[in-house]
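Take this structure first; my questions come after.
Chain IDs A, B and C follow the sequence of writing; residue 1 opens each chain.
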Amino acid sequence: MTHDILIAVLILGALGVLFAVVLYIVAQKFKVVEDPLIDEVAEVLPGANCGGCGKAGCRAFAEACVAQGNMDGLRCAPGGDAVAAKVAQLLGCAVAQGEPQVAVVRCNPANCGEKRKSNYDGLRSCAFQNTVYTGESGCPFGCLGCGDCVAACQFDAIHMGPNGVPVVDADKCTACGACAKACPRRIIELRNKGKKERRVYVSCMNKEKGAVAMKSCANACIGCGKCAKVCPMEAITVTDNLSYIDFTKCIACRKCVTECPTKAIHDVGFPAPAVKPAPKPEAPAAEKVEIPVAEKVEVKN
Amino acid sequence: MKTFRMGGVHPEENKISNDAAIEVMPVGKQMVVLMNQHLGAPATPIVQKGDKVKVGQLIGEAQTFMCANVHSPVSGTVLKVEPCKDAFGLAKPAVYINVEGDEWMESIDRTPDIKRECTLEPKEIVAKLKEMGIVGLGGATFPAHIKYSIPEGKKAEYLIVNAAECEPYLTSDYRVMMEHAEEVCIGVSILRKALGVPNAYIGIESNKPLAIAHMQEVVKGFEGIIVEPLKVKYPQGAEKQLINAVTGRKVPSGKLPIDVGCVVSNLGTCFSVYEAIQKNKPLIENILTVTGKELPSQHNYIVRIGTTYNEIIAHSIGQLPETTGKVISGGTMMGKAVVNLDAPTVKGNSSVLVIGEKEALRAEETNCIRCGKCMHACPMGLEPYLFSALVKNNRIEEAKEHNILDCIECGCCFFSCPANKPLTDEIRLGKNKVRAMMAAKK
Amino acid sequence: MNLLNISGSPHVHSDESTKKIMWRVNLALVPALLCAIAYFGINALLVSLISVASCVLFQWLIEKFILKQKSTVWDGSAIVTGLLLAFNVPATVDMMWIVVIGALVAIGVAKMAFGGLGKNPFNPAIVGRIFLLISFPVQMTTWPQVGGLFPMNFDVATGATPLGAFKEGALGEGVTFMDAFLGHIGGSMGEVSAIAILLGAIYLLCRKIISWHIPVAFIGTAFVFSGILWLVDPQSYMDPVMTILTGGIMLGACFMATDMVTSPMAKSGQLIFGFGCGLLTIVIRNWGSYPEGVSFAILIMNSVTPLLNRWCKPKRFAN
């Protein structure tokens, strides 16, 4: 009996030693030498693997940083300046600073929902629907409403709004740009958050001629150019029947918002118009005068 | 009876417009001729506002390799040259023509006589196909002159004419066979000469016994044309499947039919080839079926290209029935759903098919139960359920490794799926993603 | 007029649906159920009803209160599980409460925990059955006496199954092939009658819900393998005809192993799957501690299914 046990123990022991030796040799032979700095950099990154930096994930970003030795052209949007500072410290290079940004959906939700012109019954994917036809709104440049952007967001920051056009939660948005890449119609743009989170943008991507665009959507930009004329900062350009506000020049004065005949220009983050007593129409006008002049100048890149 | 090797389904045939003889649709007041009615780059408009045009006059010229000429289907004055929304709501370059009278080009032979002799050399035939703007009418609208210019070092051995018409509802090819069999056979002979092949095979599904009998009778007067009855199974008329059924050869993955010595032509194309070569008539008319279970009457028409869907509907049935759920250009398996009925028809349109509300809507999608029906239905031997999962999870590289690009988008997988998963849609999306990935790598 | 509907092609669908498939499977199980009632009386009906009702109830409860999703009980898959579970237990009074636990395990653990129909790696009814076999070994192997047609006695008169008797060393006493074929033998209530099961299987074959590959490979392998053993030593091994007619081979091969969700999709994979099931069944029957091995064999092969799906690709059009 003891003999049997002894044999078993010996065999197992011998096997154990043998495997240990084999494992050691293999580990030595196939050892991957990696810069320990990569691990350290990867450690301070958010780890969401959102791909917003253009790399395959956080680890790939860390590898790129270490390989490059500095942070030129590399930026982790979700991490923002805090992470950039930490990475720069690890690499021993200058900190790359950037204006905080946010995703903006440039399609007017007022037209959709009830006013759709057909019923899309296929695969719930914008990328696919885009290859089939214009989409339910009838606008060949508008939002398709299947939520590819919602699925792409790693931060739960974009959701389908009541009208079938996505709405960005600016507090959660890290400007990683995943939604902008997922959108087959390139409706989503990363824009500067702006001073006091106040933003003005053209909420339309329609490049059709005025009359055709109006047929597609009552709130389409018709490229009339009134906004460009009224802009004090020359921030607005009109190309291909579509107006665009350069957010680096815009001072959020909102002159274009009132000028736009189709209400295609949206403003975000401004205080709501004072609650007006029903009969008096002056209240909103008074609100407009209130635009703080001091802020205008400060908004710079 | 011959058929292809694997997979396939049998959708309800619904050939309810079989017995409606081809009628001529009157010309409207205004025509819109799109410049890209074919696979490839749009033709360049060569007319301007105010120009007078005749029927059959060249108005859009092919200036790149993958392109086809576009001719005026009517006579009148050019109103404007600007984009027009196509059947899917997307703007395409177009020429608007105000119709005035019906004055044809002098070169076009409008007599009803059938002209059998063709003295042109193969190269001249191909050049004339290009001049006349002939494209394949099977659905892909591939420019004919490219197809019939056999590349250096390759040799065509078979010409296969696709008259299977395996798509449900469509009957335009059937009517052409019944009414213009001789012209079709002359067209086939011309193509046979252009390719220099000994034999041409006309593949017809056996659910058209009258057409088979009639064609067999007519081909007796022609040398080297053989009528080949085929089993009723969808997609019998798909290019690779048809080659497999008729010759037993298999086009390898990523190769073209010519690599196995075959050229496949649609039956309608053969008819337009006859008209182009023998009668000098460019491709300005479509033969299309107006059909649907909900419609009060069924029709087959010869329609000038550029007539809008609404005009066709107004002339044939007055207006769409209340219960209309979908309007399809093409058959139910591979046709495209139309959203803009003000859009003009283009080359290759074979039907205006109206589907009722109940049939039009897809049933709710449920979990995949791994029954494998999609896999057994696939005529290419692929695994649609796998592509569905891979595409959903963005595993594009793996989808490519499993040969997603071999898919011919016949729709058998979705048709047979008990869980109603939109497999064909998912695979199309996956194919686009694979192509984008490959383009990015280059 | 309504809005036009737009989708990619195709615009038609065959009239197949998951619901239809499941209800057809239920229909195919009816002959076996009738046989069970004929041989084991009202107990068989009660056990079946309780099993089906609890399966449906558990699925409804889980979908409603835990997963909070639309109920799918009417697709009929829970009823299939309930029936198959009942068919795998003896038709005794004890079973009327024990089978409820089996249903909970089958639906709750084996099916819904993985995400519901289509996502379960193992056949729910088999998981339920094996759970009961291990937890209630006595009740699960207390077989009711086989009475005449439509017995009305409710006594717990225990009988024996041919397989159990064989394991004890009593070689097939008095059980003829005809008895086994018609089902006049002891055993779990749904598996006794080979003819009733075959009837259902033929219906499923005609409806193209199952293909011949798994049943033929399963039964064929079991027959050939047990035949070889029997030829070598007829004294210690059961003869092959009796082997495939008794126990759960028929029910397993026709209804449990062919479960779409847990069996391979390609024909070649199905043949390997059936072969594995047949081989394992005979191995367990002859050298294992249980007299019956069909459930274990199918369960083991279920775990190989993803691998078989990966290995056994359909033949491609060209190449």
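Here is the rule we use: contacts are C-beta pairs under 8 Å (C-beta built on N, C-alpha and C of every residue); 3 or more make two chains touch, one makes a residue touch a chain.
Computed from a prediction, not measured in an experiment: that's the story for all the values here.
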Open item on the list: Edges wherever two chains touch, nodes for the chains themselves; is that graph a line, a ring, a star, complete, or other here?
Closed with: complete
Open item on the list: Mean of the CA atoms for each chain, then the mean for all of them together: which chain is nearest?
Closed with: B
Task: Separation of mean Cα positions, chain B and chain A [Å, integer] - done: 42
TODO: Could you give the separation in Å between the centres of chain B and chain C, each centre being the mean of its C-alpha atoms?
DONE: 49
- [ ] With chain centres taken as the means of their Cα atoms, state the distance from chain A to chain C in Å.
- [x] 52
Task: Multi-partner residues of chain B (each touching 2 or more other chains) - done: 336-337, 339, 360-362, 422, 425, 428
TODO: Check each residue of chain A and list the ones that touch at least two other chains.
DONE: 117-118, 121-123, 128, 132-133
TODO: Give me the residues of chain C that touch two or more other chains.
DONE: 2, 4-8
- [ ] Mind listing the chain A positions that touch chain C in their complex?
- [x] 116-123, 128, 132-133
Open item on the list: If we count contacts the way the header does, which residues on chain B are in touch with chain A in the complex?
Closed with: 88-91, 336-337, 339, 360-362, 422, 425-426, 428-429, 432-433
Task: chain C to chain B touching residues, read off their complex - done: 1-2, 4-14, 16-18, 20-21, 72, 75, 115-119, 260-261, 265-266, 313-319
Task: Complex interface listing, chain B residues touching chain C - done: 5-6, 9, 11-12, 168, 240, 244, 250-253, 320, 322, 324-328, 330, 332-339, 355, 357, 359-363, 366-373, 375-376, 378-383, 385, 403, 406, 409, 411, 414-420, 422, 424-425, 428
Task: Residue numbers on chain C that touch chain A, as the complex places them - done: 2-8
